[in-house]
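Across the two complexes that follow, subunit A remains constant while its partner is subunit B and subsequently subunit C.
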Partner chain A sequence: MEQRPPSDLWQRLQQVPRHYIYLLLSGVIVWQLLAPIRLPILPSPPTRGVYDAIRAVPAGKLIVISTDWDASTQAETGPQTRAVLEACFQAGKPFALMNLASPMGAKLGNDIAVEVGKEYHAEYGMVWCNWGYKAGFTNVLLAMARNIPKTMGQDFYGKPVAALHMMQKVRTIRDVGLVIEITGLANMTEAWVGLIQGPYRIPFAAAYTAVMAPGYYQFLDSGQLEGMLVGAKGAAEMESLVNRPGAGTAIMSAQSWAHVLIIALIIFGNLGFVLTRAREKGRER
Partner chain B sequence: MLLLYALHRLLGPRGRRWLIALVTFVAGLFYGLEYFYPAKGNPSANFLTKWIEPVSIMFSVIGFFTVGLGVYSLCHVHGRNVARRRPGWHNSLAFFLSMIAMLVFAVWEHYLHLPEPPPAVLPWPKGVYEVLFNGLFAPLQAATFSLLAFYIASAAYRAFRIRSAEAALMMGAAFIVMLGQVPVGMWLTSAIPASGPTAFFRLEKLGEWVMNWLNTPAQRGITFGIAVGAMAMSLRVWLSLERGTFFSEQA
Partner chain C sequence: MNPEIYVLWAAVIATLAVYSILYRENPVSRLFEHVFVGLSAGYMLAITWTQNLEGRWWNPMVHQRLWYWIFAPVVGALFYLIYSRRLVWLARLVMGLFFGTAAGTFFREFFPLYSPQLYRSFKPLVASRSVGWGEVILHNWIFVVILFTVMSYFFFSIPHEGRAGRVLARTSLLGRWFLMIAFGAMFGNTVMARLSLFIGRVQYLLYDWIGRYVPWVLHRGM
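== the complex of A and B ==
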């Protein structure tokens, strides 16, 4: 059915063609990416929790970072991963990357670690390593709790995990001081909490896409999560904590004004709606 | 495993059904018993604990066969599309071309064994792989997902109307959370002192309050409901009571 063109301004406010909305949103994002208006970023308590958890890892213990994300969520999870790795390198904490779902994340996470590792002159196998993608999800978690080198087998580059220098004293999950799950997938946290954090009391932190984070505040509230990075905001806050502004900070400028635009559009739409309704009611009287 | 496979091939449909139900039951029972059976001495170990690691690795290996099954299934479906020139067959051809190209160059790149640090000019198979992965696959996936932002903006504008008090409440909460999540929101209320009795009215604090005090209980209730449902569902699968599975299709 063909839609009738809106007759007056109030109706027009409710029916802005979607193409204009897309164009406006694109314009705002491009404008802020090219010429950002920098505003101060204050780290929230959940982000500070992740940062503090990294720094609190005892000497001799390993941090396990599970990069269960792919290119579809890279805009958020990529900067989150980079900021978390920066925090690990700055604190001098050894870490191992791994991947349980979205196998693409094994390479994308590795690319970031290689790049950041170069900046900190960190040698592979000494300060950090990548266990690669391991199929089996919950079975991998159950097995790695008892024997990490045997469960992981070969690393991302095909070398035996047991042969890596930094893995010489790592045997079971008890040698892990913190697990950080970076993901855009549901149910990963539930498995980590149920099989690792709960039974072995291993500190656990996570980084989620903004759209899924609301579902995980309950784990933060219960103390099962030490901290949480929420979308690009979490990445930007972590970048401010490690004093290395990057993609997360840049994205926040664009996201800031995109949110303002969406709120303005909703207000305009409702203004038109309320005034049209008021006029119709006046006519009825 | 070979014995189970041989039995599966030898038995009739009814026997297969019982075999699969038995294996499912024993596998579920193993994990259940290991988790709940009281431990002696070592607080996290009982007589089944030592078997967790080999059994879990065995299940991981079996699970990995599903990747092969997935590839076979895709090739079967798309192969028929191409062979019979069905509508959209060119999409199926694109699937084969992209899968073969990615497979060949990913395996090739994996076995190149580049020196550390890698040379300034990468060997061409590595270069092709980087173009395919970082230049094509990753941006295509990211672009598809980022389109959502535009749909959400348009949908929020069209659907979010204050038709009732509840809708107004929801809009208020949405505005607080949206602004509380971004620096511009923090800037709007930056005149309010960051500590003291009025600090609560800063947008980022209000946003946190909405997430922690309103969102968390609601999410916890939902999670609790899902967990109870999942437990019931797991029980049905474990006892092979679930309809519409392999068995009923065969029957």
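== the complex of A and C ==
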């Protein structure tokens, strides 16, 4: 049966063609990227937890940053990685990048580290290194707990990990002061917590895409996570803590106004529904 | 010409082609979807070789003459015997080995993963020297009420009849409301995530592509 076109404004509000909504949303985003109205960014306790955990790493201990993300989540995880690396460089804490899943993350994380490292004059192998992509996931975690250089073998550039200057005193997981997992994948945190954080009491923090973050608040409440970055919002908050506004901050102003638009559309759509139904009931009487 | 230009234009064309699905289903969008999947699979193969197999398996076997590494792919290939009725038992052997390893690892993970969450659920419900009434009521009582009502929603052993049943019906209804609020918060986060990804692409198109030719755009974004 052919659908009758909506007769009045309230009915039309419930049937706005999706193309118009996409256009409107794109317009708001472009407007905010070109003429941003910056809203204050106040770091939340979970973000501050990550920042404090980085600064609290004892001298002589290494930070391991697992960049298990790829191009599909780069808008969120890219700025998160950059902000976390900025915090490590500013605090003067040595770190090693690694990758257990989504192998693109080994290269994408490396690109960011090279770029940020140049700004801080940090030499590869002295302050930071990249262990590269290691297939095997849980087996890699079990093995690295006992012997990191042997488990990692060669780094991202094909050099032996054991030969890197900053790895001379790193033997087992006990030489690691903090693990930070940056990911858009489920089950990574479970493996890290179950096999490393829990048994060896290694502090653990994470940066998640906003989709998956709600599923990990219980880890924060139980103290298994020192802190957590939630999507682009977490990246923007971390950027404000390290005082280096970047892509995360730029995303948030566009994001905030896009949310205002979506809320307005939901209100209008529901208003149209309620008023149409009220009028139909009135007619029936 | 700078090779970066080709990379830039390739990324722009791919982005616009994939987003063309927002208008309607079309072959260009499909084509670029397949290109993306193919690229990811190819990259996975290449990086598995360069970062893992070459250093851990090929070099020891070929350059260090550790010949016994030749048996590693033979054992791996046993998986494919699942297609042979006569030799399927060999495939079951390696599968059993993998299932056993996975189950053992999961068992090892289980207690460090869930026990801290379990015992952190036991929260004080009265104020003490270290915890004030404000925190007890705001955090602990709300936590415990939500915990019990949501658990009661998943308690299906008692019919919602009689006095106890009616109490359970009310608590489970409340639990359902709390679950709906949680799902709403999760969906809100999903909207935020999807928008972030879209904004990331718009940033690329605006700053990296248009900004390259129209410096005003790049200047506005800074």
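The rule is short, and it goes like this: the second predicted complex is superposed on the first by the 282 of 285 C-alpha atoms of A that agree within 3 Å, B and C clash if a C-alpha of one lies under 4 Å from a C-alpha of the other, contacts with A are read in each partner's own complex, and residues count from 1 in each chain.
Basically, a contact is a pair of C-beta atoms (placed from the backbone, for glycine too) under 8 Å apart; a residue touches a chain by one contact, two chains touch by 3 or more.
Predicted, not measured: the structure shown is a model, and the values here were computed from it.
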Look at where subunit B and subunit C land on subunit A after superposing the complexes, then choose clash or fit.
clash
Is A:Val274 touching anything from subunit B or subunit C once the two structures are fitted on A? First, second, both or neither.
first
Is A:Ala135 in contact with subunit B, with subunit C, with both, or with neither (first, second, both, neither)?
both
Considering only the touch criterion stated at the top, classify A:Ala143 as touching first (subunit B), second (subunit C), both, or neither.
first
Just subunit B (first), just subunit C (second), both, or neither: which does A:Ala91 touch?
neither
Looking at A:Ala162 after the superposition, I want to know if it touches subunit B, subunit C, both of them or none. Which is it: first, second, both, neither?
neither
Report for A:Ala75: first if it touches subunit B alone, second if subunit C alone, otherwise both or neither.
both
Quick check on the superposed pair: does A:Thr151 touch subunit B, subunit C, both, or neither? Answer first, second, both or neither.
first
Going by the overlay, flag which of 20-28, 38-46, 56-64 or 110-118 in subunit B ends up clashing with subunit C.
20-28
Shared subunit A contacts, counted only where both subunit B and subunit C touch the same residue:
22, 26, 70, 72-75, 104, 107, 134-135, 139, 142, 158, 199, 210, 214-215, 218, 221, 230-231, 233, 255, 258-259, 262
Inside the complex, what are the residues of subunit A that reach subunit B?
16, 18, 21-22, 25-26, 39-42, 44-45, 70-75, 104, 107-108, 111, 124, 134-137, 139-140, 142-143, 145-147, 150-151, 158, 199-200, 210, 214-215, 217-218, 221, 230-231, 233, 236, 252-253, 255-263, 265-266, 269-270, 273-274
Mind pulling up the subunit B residues that touch subunit A in the complex?
44, 49, 52-53, 56-57, 59-61, 63-64, 67, 110, 116, 133-134, 137-142, 144-146, 149-150, 153-154, 156-158, 160-162, 171, 175, 178-179, 181-187, 190, 194, 204, 208, 211-212, 215-216, 219-220, 223
Considering the complex alone, what residue numbers of subunit A touch subunit C?
19, 22, 26, 29-30, 33-35, 70, 72-76, 78, 103-104, 106-107, 132-135, 138-139, 142, 153-154, 156, 158, 190-191, 193-195, 197-199, 209-211, 213-215, 218-219, 221-224, 230-233, 247, 250-251, 254-255, 258-259, 262
Which residues of subunit C touch subunit A once you look at their complex with the stated criterion?
22-23, 40, 43-44, 47-48, 50-52, 55-56, 101, 105, 108-113, 116-117, 120, 182, 185-186, 189-203, 206-207, 217, 220-221
